[in-house]
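For reference, the structures are reproduced in the following blocks.
Two complexes follow with chain A in common, the first pairing it with chain B and the second with chain C.
Moving on, here comes the complex of A and B:
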C-alpha cells in the first residue's frame, strides 16, 4: 500500500516544488524587506530621540508578544473591515515583513548598544557626522554582534512563513495539506514537507554557527 | 584660545563644575590635576562639548560652546582629544585610525591622507606600525596612535584626559615624550594628569581642582615650591611622596 503512496507522492513532486518556490519567494521578499526596515528601526531605536524610541519599542513589544497566526488573521480578515483589502500573497508578505522587522530591530539595537560608548565619543570628537560615526565606526563593530543572531532569526522566520498557508497561500505547507487529502499517509507527506524546510534552513544554521565562531575569534 | 566664564555644571544634584573661571592662551600648556571626583575630566570634556555646560560661557577658538546653535563638528575638527582608554577603532589598522577623520571631515584625498598619516605616525615613533591593528599594539603604542589620530587633523588645540593613567609604568614615558615634543612645538594643550614631572618640565601653568572648583592656578615653579592653599599642599604631598 505505502509503495503505491510513495509512487503517487513522487508523481506530485512538481506540486511540492511549486510550493517550495512559494515558500522561498514569501521568505526571501519578507526577509529582505524586514532586514532593511529592521536595521532602520534598530538604528532609530538607539538614537537619543525619546518619541521614536518609545513608539518603536511599544510596536516591537506588541508584535513580539502576540502569535504570528493572530497577526496574519488581522492583516487578512480584519483590515478589510477598515477598507484595506489585500490578496493572500501581499498580506503574507506584509505580516511576515513586519514580524521580521521587529525581531531584527531588537537584534540591531542590541548590537549597536554593545559597541563601547568611548568609540562614539572618539568618533564624534574628531568631527565626524552622526551618519559617518555610524557608517565607519559603530556599525562595522556592531555587525560582529548582529550577524550570528540575524542569520539565526532568518531560520526562525522561514519556518514561521508556514503560517501563511492558513490564508490560502500555496506554500509548501499548504501543498502538504492538499496532498494529504489525496494520499492519506501523513507521516510520508509531512515528512517530505519538513525535509524541504530543512533543506533551506540547514545551510543557514551552519552559517550562523560559523559566523558565531568567527566573530568570537576576531574580537579584541 | 579657551575661556571659561562662570561655568557651572551639574550631574543630577552633584555640582561637578562650580563657577569655573579659566583662560588658556594660544600656545599655552595647562596641566590640570586634583583628586578623583574633583571635576577635572568633566572640565576638559566640556571644552569640545562631550559634556554640555548648564550655566556660564565657554568660548573656544572664538566659538561659543555654551550656545546650542554652535556647529560643534566644525570646532571638534580643530580640537584633538586623547582619552584615558585610547578608544582606537579596533576594526581598523593604525593608519586607518589616523586617516579616517582627515578623509571624511577635511575631505582630503586618500593619497594625501596616507602621506599625512605616515608623517604623524613617524612623529609618534610608530612609522613601522602603520598596518598593525590596535589589539596587536602595547598600551603605550596604542596611546601614541591615538595622539597621532588627533594630530593628523592638524588641530589648533589638543586635549588629554589622563592619557597615561591606563598604562603600565614602563610605557608612561614613551607617551609623555611625545607630548613633551608637542608642547615644545607650541601646541595649545590642556592636560589632565598626575604626572608632575611632565608639569614641571613643559607646563606654563598648573591648575588644581577640588569639588568642582579651580582652587589654585600658577606657573609650575610657584605651584610646586610655594603653594598658596593648604589643600594644594596636602594634595602635592600625597602625589609627590610616591
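Moving on, here comes the complex of A and C:
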C-alpha cells in the first residue's frame, strides 16, 4: 500500500517544487524588506528621541506578544474593513515583513547599544557628522553583534512563512496539506515537506553558528 | 472602517474567551512541562560521552530546529493515524509542542551547563566537594542565571506557538477568534480580543523575564 503512496508522491513532486518556490519567494521578499525596515527602525530606536523610542518599542511589543497566526488573520480579515483589500500573497508579504522588521529592529538596537559609548564620543569629537559616525564607527562594530542573530532570525522567519499557508498561499506547507487529502499518509507527505524546509534552513543555522564562532574569536 | 466595532458582542462571548484563555494556559503549561522533560533528556544525551546518544540527540535537535512547527503539527496530526495511533487533537498538539520546544530547551540547557568554566569544576573537585555539593553550590546557581531568562523567552514562544493548534481544531484562544468570526462574521472583534489575551500573557512573562535577568544573572564585577 505505502509503495503505491510513494509512487504517487514522487509523481506529485513537481507540485512540491512549485510550492517550495512560493515559500522561497514569500520569504525572500519579506526578508529583504524586513531587513531594510528593521535596520531603519533599529537605528531610529537608539536615537535620543523619546517619542520614536516609545512608539517603536510599543509596536515591537505588540507584534512580539501576539502569535503570527493571529497577525495573519488580522491582516487578511480585518484590513478589508478599513477598505484595504489584499490578496493572499500581498497579505502574507505584509504580515511577514512586519514581523521580520520588528524582530530585526530589536537585534539591530541591541547591536548598536553594544558599541561602547566612548566610541561615539570619540567619533563626534573628531568632527564626524551623525551619519558618518553611524556609517564608519558605530555600525561596523555593531555588525559583529548583529550578524549571527540576524541569520538565526532569517531561519525563524522562513519557518514562520509556513503559517501563511492558512490564508491560501500555495507554499510548500499548503502543498503538503493539499496532497495529504489525496495521499492519506501524513508521515510520508509531511516528512517530505519537512525535508524541503530542512534543505533551506539547516545551512543557514550552520552559517549562524559559524558566524557566532568567528565573531567571538575577533573580540578576544 | 471600524465604527461598528461591537463591544456588546465581545462581552457576550467573554465567558467563552475566558474558557479558551485557560485552555491556552493549560496547553502551553503542559507543553512546557513536557518540553522541559524532553529538553533535559536531549541535553543529557547530547553532552553525554556516548557518541551514539549524542548523535541521536543532535539529529533530533537539528531536525526540529530546521523545520516549521506547523509542519511538525501536521506531521503528527496526519501521520499518527497512518501508524494506527488514534488520539485526540489536544494530545497530538501538546506532543508536537513539547517535542518542538524540547529541542530549543535542550540547547538552552546545554549553553547553561557549558557556561561554567571547567576550572571551577576542577577547583571544587580539589576542594573536596561531593558531587551533590558541587552541583548545589557551584554549577546550579551559575547555570540558573544563564538558563532562566532564555527559558522564559522560550515560554513566551511556546504560548504563541500554541496558537497553531487552532489549525487542527483544538479549542484555544485563536480558535475562539475564528469561531466568533464564523458565527457572527465579526473578525475584528474576535481576533483583537484574542490578541489582547495573548498580550496579557506576554507582558506577564516578559516582566518576569526582565526581573529574573536582573535578579539571577551572576555578574562579575567590572
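Basically, the second predicted complex is superposed on the first by the 219 of 220 C-alpha atoms of A that agree within 3 Å, B and C clash if a C-alpha of one lies under 4 Å from a C-alpha of the other, contacts with A are read in each partner's own complex, and residues count from 1 in each chain.
Just so we're on the same page, a contact is a pair of C-beta atoms (placed from the backbone, for glycine too) under 8 Å apart; a residue touches a chain by one contact, two chains touch by 3 or more.
This structure is a prediction, so every number in the text was calculated from the model and none was measured.
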item	value
When chain B and chain C are modelled together on chain A, clash or fit	fit
Residue contacts with chain A in the superposition, chain B compared against chain C	C
Which of chain B and chain C A:137 touches, first, second, both or neither	first
Vertex chain A angle, Cα centres of chain C and chain B, expressed to the nearest 10 degrees	100
First (chain B), second (chain C), both or neither touched by A:129	first
Contacts of A:198 with chain B and chain C, given as first, second, both or neither	second
Which of chain B and chain C A:121 touches, first, second, both or neither	first
Which superposed partner A:87 touches (first chain B, second chain C, both, neither)	neither
Minimum C-alpha spacing, chains overlaid - chain B and chain C, in Å	15
Chain A partner contacts - residues on chain C that touch it in the complex	1-2, 62-63, 65-72, 74-83, 156, 160-164, 166-167, 174, 177-178, 181, 187-188, 191-192, 194-195, 198-199, 201-203, 206
Complex contacts: residues of chain B adjacent to chain A	48, 50, 73-74, 76-77, 79-81, 83, 85, 87-91, 100-101, 104-105, 134-135, 149-150, 153
For the chain A and chain C complex, residues of the former touching the latter	61-62, 64-70, 73-74, 77-78, 81-83, 155, 159-163, 165-166, 173, 176-177, 180, 184-191, 193-194, 197-198, 201-202, 205
Contact set on chain A toward chain B in their complex	116, 118-119, 121-129, 132, 136-137, 140-141, 220
